[in-house]
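The next part holds the structures, each set out as structure tokens.
Here chain A shows up in two complexes: once beside chain B, once beside chain C.
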Partner chain A sequence: MLESTLAALQGLFTPLGVLFLLLGVLVGLVFGVMPGIGGTTAIALLTPLTFTLESSQAMLLMGGIMGAVSTGGSITSILLNTPGNAPNAATCLDGYPLAQQGKAGLAIGAAAGASTIGGIIGIVTLIAVIPVMKSIVLLFGPPEYFVLALMGLAAIAVATGGRFLRGLIAGALGLILAFVGYDAVGGGVRFTLGSNYLWDGIQLVPALTGLFAISEMIALSVSGGTIAKANAGMGIGGVLQGFWQAVVHWKTTLQGSVIGTLIGAVPGLGGTVAAFLAYSGAMQISKNPETFGKGNIEGVIGPEASNNSKDGGALIPTLSFGIPGSAEMAVFLGVLVLHGMQPGPMLLIEHEGVMFSLILALLVSTLFSNVVVLAVARPLALITRIDVHLLVPVVVAVALVGVYALRETLGDVVLAGLFGILGYIMIRFGFPRITLVIALVLGELAERSYHQSLNMSGGDWSIFFTRTPSLVLSILVVGLLLAPAVRTLRRGRRRPATA
Partner chain B sequence: MKPAIHWPDFGAALIVLAIGVGFLLWAQTYPPKAAEVPVLVAWLTTVLALIDAVARTETALGRALRRVVSAEQVIEWQADGDGEASWRRVASSALWLLAYLAGVALAGFLLATPLYIFLYVKLHGGRSALAGAVTALGTTLGVWIVFQLLFRYPLYPGLLFGGF
Partner chain C sequence: MLKTLFAAACAAALLPAACLAADFPQKNIEFIIPFGPGGGFDRTVRAIAPFMEKQLGGKVSVLPRNVPGAGGKRGMATVYRAKPDGYTIAIANIPGAAIPALTGEKVEYDINKLTWIARLATEEYTLAVATKSSIRSIEDLRKLGRPVKMPSTDFGSTAYAGMAIFGEMLKFPVQHLTGYKGTNDYIVAVVRGDGDATTGPISTMGKFVESGDMRALFTTEEKSTLKGVPTIAELGYPDLTGLGVDRFVVGPPGLPPAIIKALSDAMAKAVQDPELQAIAEKSRQPFAFLPPDKAKANADRSLALYARYKAALQKR
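Let's turn to the complex of A and B:
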């Protein structure tokens, strides 16, 4: 292992190695910043470029992209409430309010700090668990997937804060939307209104772009002024202070990183689920959960730590036995195969040096992209001072072009616009958008794994509690649901004592 | 004296109720297995919307329900003064978006984008024609360079110019 690491280091510190890594970081940051287009597209776009490269150079390029995309996506989430990628949506919830308060630098710094630490934790975990990961991931069957989906849905109860009922209603509406399209269990299509476009279901990226970016632009268009409402200045000190916050709130950072790594490693769940779970987890352990959604720095740290750690996690099943943890990893599998590497248990043995080039590239790009973000945070934060009547049409246009570019479908553009209006109505009437998103992401998985589990057990519900992994996860779900009540009770007991 | 019903919120609850009931009826048209979970969710939506509607009334039951299901805290940001924003301004902002969508569908991104940005900045934002023109041309040029020139993404040409 040491020899491979040294060889990878030697490969990296050559002019060509540095060039490909930097190119990957640059492309990753650009694709991360552009709303709608994410790492999957970036990897797909640069795959042809790797034809002529050596395997280790290709891995440096790909690792550079993977490490930088999430970082780039956090910038627009914080400054414009526009998630660069779907997993960055959770960062909007507290990052944008901080930007409005004139604390964009603080939020960007915290995002960079959490991303760096999260990325490192994800990569270290990847290195540590690759040898034993196969047996762990194989423990996950449909019952475990169902309980994991339930865990995400249970997060709704936590994430609604005070607007419990309307949060649940938004979650139910999200589930309704998740049922639209091809039915993986029955084999037919449902709720498509006869539209061929809806056969694939509600596309997540246009929906998220609409719910967060477009709806926010409508709100800004109505209110006028600038994004940053506070008169507080935004010095570079805010950025460094923000970076330090990721260390101060180490429990939130660590928890987000662990959630990101674990969820990233489970094929099919993905970074969006991980980020929202990390957000609700951060709220659970925070001393000030009531300030979440109003500009709590922990609400930025949790999801951002998760966002960068998930890449290390997603690589675990991808490299260990060829099961991609996400769409991005599915495209990356193609790159591996293209370079004559067959993902599976033998990959690390047969191509150890190349794999370490990838891991090293991921690590360096995580660090480097965050340094770049820190360096440009101050000029970027000035966006929040621009007159919204100049900003709104620009963001709307760029967001919709980005949405179109992803699949080149006009339907996606229309969908983003409609979700923008829906998002604004939700803001106006106090329906939390976060719960709709969580349900939209998890609905299909929950339904499919529910039917699969019952098929396995012949309709016996005990299957969700008799398998050890699903039992453990079920206990976690109950804990998640009970935690707010327990916290309220504990506070109630403390109050008379302090009064 | 407080009104007996908070109409905007009550109306929103009624719309959700209609969605829930409509979805329930719709879901039942599918085979049992395909309908099982959607029907469950439709019932859930209907019941939650009913509770929400009752909670928006100034009755003893409504007040009791509000205490149980709606606290004062909020989870996500709401635009300053958005609750009081006039519906005329809201409708105008939404119409600008819909107009841009229609423009893209008909004439494509490269024609609709500069036109939308210029008119929005000038008419909705009340800024100078120069600010509108610079923003419109700068954005369109940027979009064209990044998406079409650098990354080779074809921009939608519009139904009038061969799009489908």
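Let's turn to the complex of A and C:
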């Protein structure tokens, strides 16, 4: 392992190695910033370019992209409420309110700080578990996926932002929407209104673009002015101060990183779930949970830490069995095959050196991309000073083009528009969007893994409690649901004593 | 100048088909992949596209375009509806693209009307169990005393169809565990013990056999490439030899013969290119090129084989 690391380092510190890595970082940042298109598109487009490269150089390019994409995506989430990629959507919730208060620089700095630390934690964890990673992946089967999905859904309870009933209504709507489409277990098609478009369900990227970006653009064109409100003060600095915030709130950063690494390692859950879980986790350990959604820096730090740490975690199922942990990873596996590496249980044994180049590239790319972001944060933050009547058409156009470019389907653009209207209605009437998103993202997994588990056990429910990993997770879910109640009870008991 | 004259003559003579071919290609060719990026079909197209460009004169591009959705049906419908001018072609999963119609799903294309341009590759199946499993033979599958649990992606996928046919022909009851996201996912499900056995392409499953995680019972090849594993014919079921998945190139119905030839020739020469052969060898996905007529015969045979098991495929 040490030898491979040294060889990978040698490969990196050649002029060509640095060149390809930097190229990857640049491409990753640009594709990350563009809403809709992200790492998946970037890797697919650059695949033919890697034909002529050596395997380890190709890995530097790909690792560069993967490490930089989520960093780029956080910028537009904060400045324009437009998530660059689906996993960045959670960053909108507090990042954008900060930008409205004229603290865009602070938020971007905090995002960069959390991303850097999260990325490092994810990769260090990956390297540490390499000897045992096969057994880790084998621990998680459909019953465990189901309980994990439940855990995510349980987070709805804490994510309602004080509007419990409205939060539940939005969550229920999300669940209903999650069940649209082809049911891979039962083999039936549901709620598709006879259209082939809905066969694959509600697509996440257009839905999130609509809910966050389009709805906000509607709200902005109604209100006018600029994104950063006039009374917000003119200072747009605070970038380094923001970076420091990720260290000050080290508990939030650490928690986000652990959630990201864990969820990343479970195939099928993905970065979007990780980010929203990290967000609700940050809310739970915060001293000021009531300011979440109104510009609490911890609400940026949690999801951004999870966003970059998930890249390291997602490599665990990929390197051990060739199971892609994310959409990007699926495309990346294709690149491996073209370079003569068959994803599967022999990958790390046969190509250890090349894989270490990838891990190293991911690490260096995380650092590089955040340095770039820190450097350009100040000028970028000026966007929040532009008159919205100039800004809105540009953002809407770019967002919709990005949505279209991802799958080249007009239906996706229509869907983004519809979710934009839905999102605007939700903002107007005070319904939290986060509970809808959590349910929409997790509903399909919960249903599928529930059916799979019962198929495995022949209809016996005990499968969720007789397997050690799912039992442990089930206990955690109960604890998570009871924790707020216990906390309230304790407070209630203390109050009479002090009074 | 001559070309313009020729084009004018073509327009005057109202013989668009013949003239199209003489000029073909004039613009970029869209090569549809009915799946998302990253899979075997995607890789095949992305690998051959630059070499086709070279063979077509290097003036136009061959652009891979992923049209995922509805288990490949959206992409197939897209090429089916395209203008038959050769500028829209697709890679097709056979039998995958035929299965929905066999199981009674609504499809917006008629597989028998598509134009067969070439076959690019073929892949045979193997059936395997976890190494720690007590199942060592087909006989053990029958003696399990309960249905054999077989994980797969979804109802109607090619591997699912393969498992249904194996169960029917080898006389063991199958309980499908569907819902896994990809090939490696459902293979690992067997290693983990979610199910008893599964079927998958040799290039992917062979790696699990090699690593010692799985034990293969047979392959559908004519000559086994997995060490120590018999072929299905050697076990007494020669009918099942060749059960696997093929990668064909198809065009819209009614594609003019001259254009078929131009495209097919370009692909035939492309797969001969040493550079592409090196890539194919490295990725262990050798090309197995067949020209249009042979491709059609091959596809017809495969479609007929699967059609014979229609009843088994419709059972859920």
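Quick notes
Rule of thumb we're sticking to: the second predicted complex is superposed on the first by the 478 of 499 C-alpha atoms of A that agree within 3 Å, B and C clash if a C-alpha of one lies under 4 Å from a C-alpha of the other, contacts with A are read in each partner's own complex, and residues count from 1 in each chain.
Note that in this section a contact is a pair of C-beta atoms (placed from the backbone, for glycine too) under 8 Å apart; a residue touches a chain by one contact, two chains touch by 3 or more.
On a predicted model such as this, the values are computed, not experimentally measured, just so you know.
Annotation: superposed three-chain arrangement on chain A; chain B versus chain C shows no clash, the two fitting side by side.
Legend: residue contacts after superposition of the two complexes on their common chain; A:Glu408 is shown touching both chain B and chain C. Once the two complexes are laid over each other on the shared chain, residue contacts for A:Gln452 go to chain C alone; chain B is not touched. With both complexes placed on chain A, chain A has more residues touched by B than by the other of chain B and chain C.
In the superposition on chain A, contact is made by A:Val185 with both chain B and chain C. When the two structures are aligned on the shared chain, A:Ile434 is found in touch with chain B, with no touch to chain C. Looking at the shared chain after the overlay, A:Glu304 reaches neither chain B nor chain C.
Touch criterion not met for A:Glu444: it reaches neither chain B nor chain C. Here the vertex is the CA centre of chain A, and the angle it makes with the centres of chain B and chain C is 90 degrees, a multiple of 10.
By the touch criterion defined above, A:Leu173 reaches chain B but does not reach chain C.
By the touch criterion defined above, A:Glu144 lies against neither chain B nor chain C after alignment on the C-alpha atoms of chain A.
By the touch criterion defined above, A:Val398 reaches chain B but does not reach chain C.
Following the chain A superposition, chain B and chain C show a smallest Cα-Cα distance of 9 angstrom. Shared contact residues of chain A with chain B and chain C: 185-186, 408, 451. Put simply, chain A touches chain B in their complex at residues 30, 34, 45, 93, 96-97, 100, 159-169, 172-173, 175-176, 179, 183, 185-186, 188, 190-191, 214, 217-223, 225, 229, 290, 292-295, 387, 389-390, 392-394, 396-398, 400-401, 404-405, 408, 410, 413-414, 417, 420-421, 424-425, 427-434, 446-447, 450-451.
Residues 8-9, 12, 16, 19-20, 23, 26-27, 30-31, 33-34, 36-38, 41-42, 44-45, 48-49, 51-52, 55, 69-83, 85, 89-90, 93-94, 96-98, 100-101, 104-105, 109, 113, 116-117, 120-121, 124-127, 131, 135, 139-140, 142-143, 146-147, 151, 153-156, 163 of chain B are the ones touching chain A in the complex. Within the complex formed with chain C, the residues of chain A that make contact are 40, 43-44, 47-48, 51, 137-138, 141-142, 182, 184-187, 196-197, 199-200, 267-268, 321-324, 327, 330-334, 337-340, 342-346, 349, 407-409, 448-449, 451-452, 455-456. Here chain C touches chain A in the complex through residues 36-40, 42-43, 46-47, 49-50, 65-71, 73-74, 77, 108, 149, 153-156, 175, 177-182, 184-185, 187-189, 191-195, 203-204, 207-208, 210-211, 213, 279, 281-285, 316, going by the rule given at the top.
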